[in-house]
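Paired with subunit B in one complex and with subunit C in the other, subunit A is shared by the two complexes that follow.
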Partner chain A sequence: MMVPSLRRVVLSSLVLLSAAAAAAAAQDTTSRVRELDPLARLSEGARYQVELLLDSAKVSGLPTTPLESKALEGIAKRADGRRIVAEVRKVFRSLRDARAALGPSASTDELNAAAGALRMGITPAELAHLVKTRHEKQLTVPLVVLSDLITRGVPRDTASQTILSLWQRGAADDDFLGLWRGVERDIVSGTAPGVALLNRAREIPSRGPPPAAPPASSARPDRSENSNP
Partner chain B sequence: MSDELNSLDPYVQWIASEARLSVAVDPAARTRLLDALRTEPVPHRRGRVLAWLLEPRPLALPPLAAAALAASAVGIGMLGGLAIHRDGRPSTAQPPSAGAAISQLPDSIAPRAIKFVLIAPQASHVSLVGDFNGWNASANPMKAQGAGMWTVFVPLQPGMHTYSFVIDGSHFVADPAAPIAPDDGYGHRSSVVLVGGSSL
Partner chain C sequence: MIHPRLHATAFAVSLALLSTGQRVQAQGNSELQTWLEAGALTTSRSGSLPLNALALTPGARYANNRMTASANGSAWLGGQQVQLGNAVAALEAFTPLLYGVRAELMANASRLFQDPLVQNDQLDAEGRLHLMRQRGGVWLGSGVARPLRVAAVSNVNVSSGGIWTRLGPATLRGSVTSFFFTKVASRTDTLENAAVCPAHFVAPSNPGANIMSSTDQSVSTGCRQQSRLTDVEGTVHWEHRLMEVTVRGGQRFGDKLDVTSESRQWASAQAAIWITSQLAAVAGGGHEPAQPTRGLPARSFGSLGLMLAYWPIPRGIVPVETPASLVHAFEIRPAGTSLQRLTARIGGVETVEIMGDFTDWAPIPLIRRGRDLWELLVPLNAGVHQINLRIDGGQWIAPPGVPTLKDGFNGEVGVLVVRQ
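So, the complex of A and B:
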């Protein structure tokens, strides 16, 4: 028979241990839920709106990853729910417009890059013009460079016309990436962004009409093990 | 003794005399009895134990002990639940070997190891966030290399990815050595990495 005071101590310890175990388990469960369902960090209303947009994207045959990523980016940057919903909606609309301009054969990367360009002020008509002369080449790199140039202060029309002109002259991905590096350096050195672009664009030789799409096995520059591409 | 019997009622005397008669036992009866016993099933001890366990009986517990038992049950249940994934796989199951999986992929879609570098001499902690890790700041912490240089290698699928550096847990910084992503809408700039492959 246990002494009453000893029994009390044992029972109290058991209660405390159990409570600690339950609390630890609850905390772990919360972080696990966040890991498995990152959108759980949104408020109920914001989450509902985001999920509606995700469903709409699915029904429209649009990729949902960019929408989800935009929501997670907002959560990481501690934006409020309303702002996150607005940004996800903006991405949804731009993806839808990009799909309309690029057509059903566009890859997810092309759609993403085109959607970004649209959000930077490029018009669907300008996108359609690029598509007309694509010759099955991927539009991702020129569109990424176009958005970057506008963000760096190159006037939208100058950037758009220059990229389109280079594209029609058969410029390759490496030409566009080289152009971007040169313009970025010139801007840092104090050259006006628009002037920097025009100067650098002149250095790119005309390569004639773009060649037909290379076979899938053709060698592309391997950027593995590169420092920041 | 016989005097005592004689003094009793004659009916009782008859009963007593009948009781004293020797009983004639059939010699085969013992054999039949033993055979009959052998055909009977042997009673199981477990049956008695089970019956004892199933037998309802009042159980008195002080409230504190009852609370302790309930809390223990909840704690054990939650800890047990943590060991199981949502799809029922135990969490101890090893994930498939990334290296083996990658080696089987065609080159056009195989992940590439990309090195990210940031110079941030004042930072005490830097991590990489992006669409490839769900913008999770704890997924890809960067290593200090000295002289303010921070680096991390991340395997990325070919294609376009958006990312940012997080300095000291709260400052989002775009990569100065990469194209800038279109306006993020949240007041911070992000960057774009283009990983070579079939989609680029």
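So, the complex of A and C:
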């Protein structure tokens, strides 16, 4: 009687061990797949839609990194798959609009910053105003500051007009960052966001008109050369 | 500051050996801290025997947006006896900021035990108006203190004003504090013979009037003198990486009858250097002025010790919110090619993590360097990056001091602009 009983125990143990080993191997494989392909953590349907958007971005000549990044951010923040797809789609659309407003020579950082501003409610027409007086200067910092000001409760029109006015007066990146710090301080101290911005903007001296655009023979690539179909 | 502060009267040197501290809970915008300090000290004073004692000091502090309450006390074990040492219970309440100004009310009850000959109690309350800005502020205050068991002192009227500012890692503070009180001297000498009031003292027309309650008969028959002292003091507190230094200096103005020569000027310094995340060397020394309202003489002191900090993991607590106010500073500085050093000052927490586009949104823990300094080297190229910070497994937040963006997932991200 002991022998069959012992055999059953050994067999059962072997089966359990095999199952555990198989499960561990599967888990390990899944982990490795996720390391190599972080989007694998999305559901099949969500992943398909994100990949479609990535392909569309490639075809449109848009950077795909911000889209992938938004998807990974959503995964890390345990967002619902549909929500992630919706946010990635928003990023795609805002990047497309930003490219249309800034032109093909815009850097990825500028595109990202402009896309962020568009998602905060800035219109493509307002972006185009900034671009008109761009004169070789990077729009990244003014756009980052503009988006933050709206996030902090500055009325959209006030924020947009103030940043545009400073930009046209030749304000530099340090001016914009200093403005942002001052406004943040004032808001923390109890000042209304819009008032804080207007007060601080008055403190920034005019830097004069922006430098004239360089001649066509300069090293700057012509926009038409880089334009995408 | 959770570290031993053992002052010895006269020419003593004290040694502090061990201190433990822990945060019990941080939830929402409130925080409860408890700590326990233990140390050995030696004090001596001219004319009395040195006192050697073991001191045990438990403490607790609760803070939220509107008030702070704290209490600590100490028990000294010397010889075969346990003696209640210094003890303080404090309450501070604040109003909301209105145009950058807030009202503050502070109340304290304290017991001072320096040695068996110098011990008394005091109740005090002060109101302040404080104009605050992000990097500095100005305050004006007034209050009253009521010393107990100090036979020679009446109520003390206190007026104060001050200014503070932050310059990089340093906090500078200057204050002017004026004390006005009535000093009472005995009219009998040590041999219980009747004595005549000195010329500068005034014999009371109604003995005992305006004098603090006391069982000491000599007080009710004492001479009174109105005293006014003004202290001007400056303090610099500097924190840099693993070092914390506090330097104080001051000048006392007042009649020479009220201010002895050894209390005219004072200066002291204290420093803590974190050797590891749980071990710090602390040292201090200097000269302190007399506290005439508490019967404490001027003294020099020195201290040297090691601090062992224990940071246990809170049990059974699920953080529901990470208040950004826990993060006292957040900085990013270049640290070589393509590397940036992220530092954050966050006290009383167990873990700090970041994630961002530069980590593919994978959380990375910061490394604790000392009591509240957290640090990490990250590869960050020039450009714009998004970052989130998480404390004790709570919500992901945007670190303070950087522009922010809504993340689309009911939160915000910080935006780092890294220049070439």
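Brief remarks follow.
The definition used in the following text is that the second predicted complex is superposed on the first by the 184 of 229 C-alpha atoms of A that agree within 3 Å, B and C clash if a C-alpha of one lies under 4 Å from a C-alpha of the other, contacts with A are read in each partner's own complex, and residues count from 1 in each chain.
Rule of thumb we're sticking to: a contact is a pair of C-beta atoms (placed from the backbone, for glycine too) under 8 Å apart; a residue touches a chain by one contact, two chains touch by 3 or more.
Bear in mind the structure is a predicted one, so any value in this text is a computation, not a measurement.
Once the two complexes are laid over each other on the shared chain, residue contacts for A:A128 go to neither subunit B nor subunit C. Judged by the touch definition given at the top, the superposed model places A:A40 against neither subunit B nor subunit C. When the two structures are aligned on the shared chain, A:A100 is found in touch with neither subunit B nor subunit C.
By the touch criterion defined above, A:S18 lies against subunit B but remains apart from subunit C after alignment on the C-alpha atoms of chain A.
Of the two partner chains, subunit C is the only one touched by A:R185; subunit B is not. Comparing subunit C and subunit B on the residues of subunit A they touch gives the larger count to B.
In the superposition on chain A, the residues of subunit A contacting both subunit B and subunit C are 38, 65, 69-70, 72-77, 79, 83, 86-87, 90, 108-109, 112-113, 116, 119-120, 140-141, 144-145, 147-148, 151-152, 173, 177, 180. Across the complex, subunit B meets subunit A through its residues 62, 64-65, 67-68, 71-72, 74-76, 78-79, 81-82, 86, 108, 112-117, 129, 131, 134-137, 159-160, 162, 166, 172, 175, 177-190, 192-200.
Interface of subunit A with subunit C (complex): residues 38, 65, 69-70, 72-77, 79, 83, 86-87, 90, 108-109, 112-113, 116, 119-120, 140-141, 144-145, 147-148, 151-152, 173, 177, 180, 184-185, 188-191. On the side of subunit C, the complex with subunit A involves touching residues 96-100, 132-135, 355, 357, 360-363, 383-384, 386, 396, 403-409, 411-413, 415, 417. Note for the complex: subunit A touches subunit B at residues 8, 11-12, 14-15, 18-19, 21-22, 25-26, 28-29, 32, 36, 38, 65-66, 69-70, 72-77, 79, 83, 86-87, 90, 107-110, 112-113, 116-117, 119-120, 138, 140-141, 144-145, 147-148, 151-152, 173, 177, 180, 216-217, 220-229.
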